[in-house]
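So, here come the structures, one by one.
Note that chain A is present in both complexes that follow, paired respectively with chain B and with chain C.
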Partner chain A sequence: MTVPVAWDENLANELINERSGLEGAMLPILHALQEKFGYVDSRAVAIVANTLNVSRAEVFGTISFYHDFKRQPPLGRTIKLCRAEACQARGAEELAAHLEKSEGVQIDGGYHNGVRVETAFCLGNCALGPNALFDGELFGKLDPQSLRELFAAASRKAGARQ
Partner chain B sequence: MSLIQEIDFGTPIRIAERTVTLTIDGEQVSVPEGTSVMAAAMSRGVKIPKLCASDNLEPFGSCRLCLVEIEGRRGTPASCTTPAENGMVVHTQNERLAKLRRGVMELYISDHPLDCLTCSANGNCELQDAAGEVGLREVRYGYKGENHLDDVKDESNPYFSYDPSKCIVCSRCVRACEEVQGTFALTIEGRGFDSRVKPGPTNFIESECVSCGACVQACPTATLIEKSVIERGQPEHSLVTTCAYCGVGCSFKAEMRGDELVRMVPYKAGQANEGHSCVKGRFAYGYATHKDRMLKPMIRARITDPWREVSWEEAISHTASELKRLQAQYGRDSIGAITSSRCTNEEVFVLQKLVRAAFGNNNVDTCARVCHSPTGYGLKMTLGTSAGTQDFASVDYADVMLVIGANPTDGHPVFGSRMKKRLRAGAKLIVADPRSIDLVRTPHVQADFHLQLKPGTNVALVNSLAHVIVTEGLVNEAFVRERCDLDEFETWARFIALAQNSPEEMEQYTGVPAKDVRAAARLYASVKNAAIYYGLGVTEHSQGSTTVMALANLAMATGNIGHVGAGVNPLRGQNNVQGSCDMGSFPHELPGYRHVSDDATRETFQALWGVEIDDEPGLRIPNMIDEAVAGNYKGLFVQGEDIAQSDPNTQHITSGLLAMECVIVQDLFLNETAKYAHVFLPGCSFLEKDGTFTNAERRINRVRKVMAPLCGKDEWRVFIELAHAMGYEMDYSHPSEIMDEIAALTPTFAGVSYAKLDEMGSVQWPCNEAAPYGTPLMHVDRFVGGKGHFMLTEYVPTRERSGPRFPLILTTGRILSQYNVGAQTRRTENGFWHKEDVLEIHPFDAEQRGIVDGDLVSVVSRSGDTALRAKISDRMQPGVVYTTFHHPGSGANVVTTDNSDWATNCPEYKVTAVEARRVNSLSTWQERNAEEDVSLRRVLEATPDAAE
Partner chain C sequence: MSIRVYIPRDAAALSVGAEAVAEAFRREAAARGQTVEIIRNGSRGMLWLEPLVEVETAQGRIAYGPVSARDVASLLESGALQGGDHALRLGPTDQLDWMKRQQRLTFERIGVIDPLSLSDYCAHGGLKGLKAALTMAPADVVEQVRLSGLRGRGGAGFPAGIKWKTVHDAAADRKYVVCNADEGDSGTFADRMIFEGDPFMLIEGMAIAAYAVGAAKGFIYLRSEYPHAATAMESAIRSAEKAGWIGRDAFGKGRNFDLELRIGAGAYICGEETSLLESLEGKRGLVRAKPPLPALSGLFGKPTLINNVLTLAAVPYILAEGAKSYADFGMGRSRGTLPVQLGGNVLHGGLIELAFGISLREIIEGFGGGTASGRPIRAVQVGGPLGAYLAEKELDMPMDYETLAANRAMLGHGGIVVFDDTVDMAKMARFAFHFCAKESCGKCTPCRIGATRGEETVDKIIAGTNVEANIAIVRDLCDVMTAGSLCAHGGLTPMPVLSAIDRFPEDFIPAERKTAAE
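Right, the complex of A and B next:
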């Protein structure tokens, strides 16, 4: 994963224009913005709206619909922990409770030691759950130990960035 | 009298050739194919409980209240999203469904405030009704769970309030904004339980919302509700009437409490608007009871004297004696009148009758002189009738729209929404306009071609379009051969095929790339249904009439006349421009566009009116002013119009008014013209009138009196009494009798009566023996006059050109929230959106002159100068500046010149050579005008009322 860069309107325009010809361009554009800046800046709304000739409300509505699109710059790193049915069946809930207790992090809460843990609903790796996603890499068959290690690694990376 | 309740079928009743028959609750029902089970049930009066469905919106299926059982199908499908099919057997009520619906309702109510008794929607709430229909008796979930009851209200819009704590997230508002209005200003923020209606990332007033009111109308609860209802309570009776703003002529229900207007609600059965509205008609009616209304007749000897309030009797006898004195002293032709396109057909008819019969001359003109007189002339010369060819619904079938010199989303918003709907469905769009109007690019609509011509070059552009059609073999020869005068066509075709008319040659004038013109012409000629829509950007030019004829030529050459989806359609500015022209307001024409020199016509009128009618045309408005300046024209009756603000070259107009001895103004307000008047007669707002307006599609709509005239007298009675005082008798007891006289005298109106209007809702003229139910579509099998006439339309550049002294071209127009001279809209909350007229200027021109946004800028032409705030805008093209004349102090018309259309004298508002530069103070005219606003408007404080 690339390190997010600060908001840059020219860069945003470039990312948006490159994708504006795609069919259903809104989501690829929003993903590209989030990938580059770590979030979708509110200033992007009008630009996307104008480029795609849709209303600002529609862009705003789309961003708000997906929890995955962040509206604020990231303050650290994010681990996505799957808590969908298959992972639940393989102990994801217990794992989540364990992590909250051992690391003091609140799932879907704020950043703790530079890391935010977010609920995801299915990462497509059900046979090998419980799963988590960090930095684009999928971690399967998690247990308390390996999840703690993942958290620690994420925390180090977050610290390294600062 | 009670409140008019319109049936809501829940989903649209489809238009289809085939019908399907199904059984609903044991009864057979037949509906057009594609109609939903819900609408089918309602068509038999069976109301299935619903919250998210409304018949002006596509079915959505989110509220889960309209579940039904269909025999042979599993589960309980939503009746709104299930199309009716042959042989279906539907049950809308049974124990299982009742239980399901109650369960759904319990969930809604568990997150809804229980303040029905104090809620502003109490008595008119679909949620309340639905709870009653499903028999809700308890909410097992309680009220203490997670909820939205503390959500904060958004009261930023001046007309309506948004209270999310009452919102059930049915998305009707969001869908209405998208499907009906086409603005897409609303969305649902978040998902699941967090879902909230939101005007984008901001509040309502900062959002893309245009305050059309469609969301408010769609809301089934008190979430989106008019502030007037919150303040005054629910209305108790209503009457259907017609909006008094633009030429769309929307039908509204005026909803009343006693004699107080609570709100205006667009009427679904209104054939012009089909239940939609804009910010003006829906909300901007507060002027009707504004404190500035003048309610007593007033007179004064000199305009520098203060006004003196007098009785109606004194006002009328004084006026009559003054007018008689002037005629005795200066001759019969020294007086005349201007009729108003804002007044009813009946009022206009009686006023022109007053002029022709009691004044004994033809000095009657109308404010259409300065807007659509070229339409009257141009369409009569080519198509044979001074009117547009289609109804509004025709646009639903257009494959290509050519919009030229019109800005429908601002000027005719309700029709603009209808156009956008058709464009979203795939119709192609050609916009010819010097500015980038909204239609060029607005969410989900993009013009295929924007021909951004230089102001004043319409004829050059339309000729070059026609050149491509003729020279590239795109003429519809069968149509031309059968329907048009062939000799005239051939002469025209030879003319238009000349190289001088080619896009390549015309490009030097229009500035439009020839290849775009060629492509646009091919597009226009390539489809079955191509429709032309135009406005004042076509007519208000030195060649206004020529452009109208050029457009008619274009339509005839491609066979785009006489069928749905096509045609030549003038978008009329004011509510009754069409009607005031129809009613004989022109100095050369008696009602029905018949020339005063025609003996047979005159004899018809003479027989009924018992007077001789002058066979010479009278004076047009500009001639009246010129003659006044020359000392030959001394008395003028001005009905509901403000020529001192709206007509070009203000200082020429006011010098004409100053030279007259008796100027009579009949208006709601002491307007700019009234500053120069000697008699003021208070008028009635449209809410105080019975009568008819005729809209842009020739539709005669009823105006109904919802309150008594505040000034104590119907306007039409004033003319009767004035005629009597001048020695001519006419007598009517109700406007319906005036319409009967119009029908008796005018062949195109022969079948019109109030009884028919009440029965049909409205009727489009011609309405007579040949077309007893009116004529939605004109020239179907033959042109009204027999053959269509091609007219030669040589491009002659206007004399008004930019040069070293005046390097910019000023063009003028309108914006959405204001209307014409602003007399009405400035006296409403609409001022919020447009507090002053500004000068829009392209960044390049601004930079050259060191002008930054918000600077005070002097605009100078050879007529005069005025100072406005600059607004830098890339909607302009370099070299062109733009302003509006909604505010009297702006003096936009101090700058415009008295150039005019060669055929009709319609002023060339759209082209004035100007220079703009930064200044520190207002212009001399503006300063003097501000002083005169006080000095020429003084009223003697005769009664405590007047002092208020």
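Right, the complex of A and C next:
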């Protein structure tokens, strides 16, 4: 994963213009902004709207619809923890409760030691759950210990960046 | 001569350490002065054995697994590179019971070939379907798909040939082919395995579809939770373009076919086809009212063929081997094979491709070996989060579209999730509403409001408040959602809820809940 950079209007313009010719360019543009800056800055809304000739409401509407697009700069790293049925059948809820207790983290809450743990519904590894996705890597067969280790590793990565 | 070693790059294998195993093989072999060629294949689908390492020998490919990085030195010491004996040796891969008992058509190459090698693909029968299609008139290709009996594998089970014919017959200056790879259902991973294990097959299927219906542009809409699948598919699209079987003049006579991979943004609802089209257009993923059908007015208002990954992936085989050869598999109106995905609390989970008609019990007990926890099976959810929960005593039911529908259940995308006797079905019913509320697009009231009210009402049932009256309210709510929702998201959420109430009533009665808790 690339390290997000601070908001830069020229850079944003460049990312947007590179993709403005695509059919249905909105999602590719928003993904590019999110990837570069770690979120979609509100200042990008007007630029995207002008470039694609749509209203700012439509751009904002799209950003706010999708779980992946964040509207605030990240304060650390995010672990996606699967809590869908197949992982539940393999103890994901007990695991989530354990993590909240042992690390004092609140799932889907704020950052804790530089890490936010977010609920995901299915990471496509349903025979080897419980699963988590971090930094583009999938972690299967999680147990309390390996999840704590993943959390600690994520926390170190978050610290290393700041 | 270097020895070929296969170590999967499938995300499931990576999730349990396949990368470290590959690294260890490189390091340990080099330290012993042995040259190995490591091929990163897809997964054979025996997920409990991952990372599954295979060594190519004169006797065929010998499997070892599950291998961890610290096993590698001892594997090499015991001559694993020659297929030597070891505690982890499973035998020739093709002879393993799990593999022998399947009828793999779509998954034939997966785990066998190097997924990103076009020459490997062609050496194993790839591209035969597209080549055959290009010698036929587009209408004849559509007819082959119709004759094969192939039905949409995304969940609805609509006959693919009819959809193809509708798009083929529609007159327009521009048409699209869209692949729905927004595989969001819990318990399903077949699409992901295809992306990571045989991406060219999907590209070939889409090219055949584009040629048949007269589309010049294709989109693959992949969910963002599958980063490994995205990387593999990007690379495969570039190779296919270079080789000239997609891109400019792909079908000869100046007929182009451009293919683009698009990534979703974490909205489950975008697996619903009209919501997916809205999302591709760059909008909120709000479900559209039908009609008009996407086949007539789909992406950007143009005729659009939208099919699931498994549907399109079945097409190259049908064109290569003929419609009849595919239709010979299966039963009744469910023709061909179904890639079953077995997950949840099961001892041996993974991918099983079989003709329609095998019973759930044969899959869960015969292939799966029962629960992973060793406790008795209590409930099985078939067909994803909107599929019904079945009780253990119903497992002799054969898996096909009609039988499941007759039992108020559905096949969906072919995912099976197993639960042992510790499951609390009231909680699962609550979760079904919770999931529906979280992922609702919000366009229609029964789904947007109904799911939230449903969750609150199940909470009251769990708390033991006016249980009978509240169950009546949930049933009433389910009626409204089933009849009044715009799409299957709200329309099918009642299926898991009501199946839990009807098949496991004891979990909803306060006295018994209390005893169970003690």
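In this section, the second predicted complex is superposed on the first by the 162 of 162 C-alpha atoms of A that agree within 3 Å, B and C clash if a C-alpha of one lies under 4 Å from a C-alpha of the other, contacts with A are read in each partner's own complex, and residues count from 1 in each chain.
Heads up, the rule we're going with is that contacts are C-beta pairs under 8 Å (C-beta built on N, C-alpha and C of every residue); 3 or more make two chains touch, one makes a residue touch a chain.
Please read all numbers here as calculations on a predicted model, not as lab measurements.
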Query = Counting only touches as set out at the top, which of chain B and chain C does A:158 meet: first, second, both, neither?
reply = neither
Key: Of chain C and chain B, partner touching more chain A residues   = C
Request  = Considering only touches as defined above, state whether A:136 meets chain B (first), chain C (second), both or neither.
outcome  = second
Message = Going by the contact rule set out at the top, does A:49 touch chain B (first), chain C (second), both, or neither?
response = first
Request  = Considering only touches as defined above, state whether A:69 meets chain B (first), chain C (second), both or neither.
outcome  = second
Message = For A:58 in the superposed arrangement: first (chain B), second (chain C), both or neither?
response = both
Query = Can you list the residues of chain A that meet both chain B and chain C?
reply = 58, 61, 65, 67
Inquiry  = For the complex, give me every residue of chain B touching chain A.
reply    = 183-191, 198-201, 207-208, 441-446
Inquiry  = Touching residues of chain C toward chain A in the complex: what are they?
reply    = 11-12, 14-16, 47-48, 50, 183-189, 191-192, 217, 224-228, 260, 262-268, 279-285, 299-300, 341-346, 349-350, 372, 381, 385, 415, 417-420, 423, 428, 431, 435, 438-439, 441
Query = In the complex of these two chains, what residues of chain A are touching chain B?
reply = 42, 45, 49, 53-61, 64-65, 67
Message = Under the definition above, what is the set of chain A residues touching chain C in their complex?
response = 22-28, 30-31, 52, 58, 61-62, 65-69, 80, 84-90, 120-129, 131, 133, 136-141
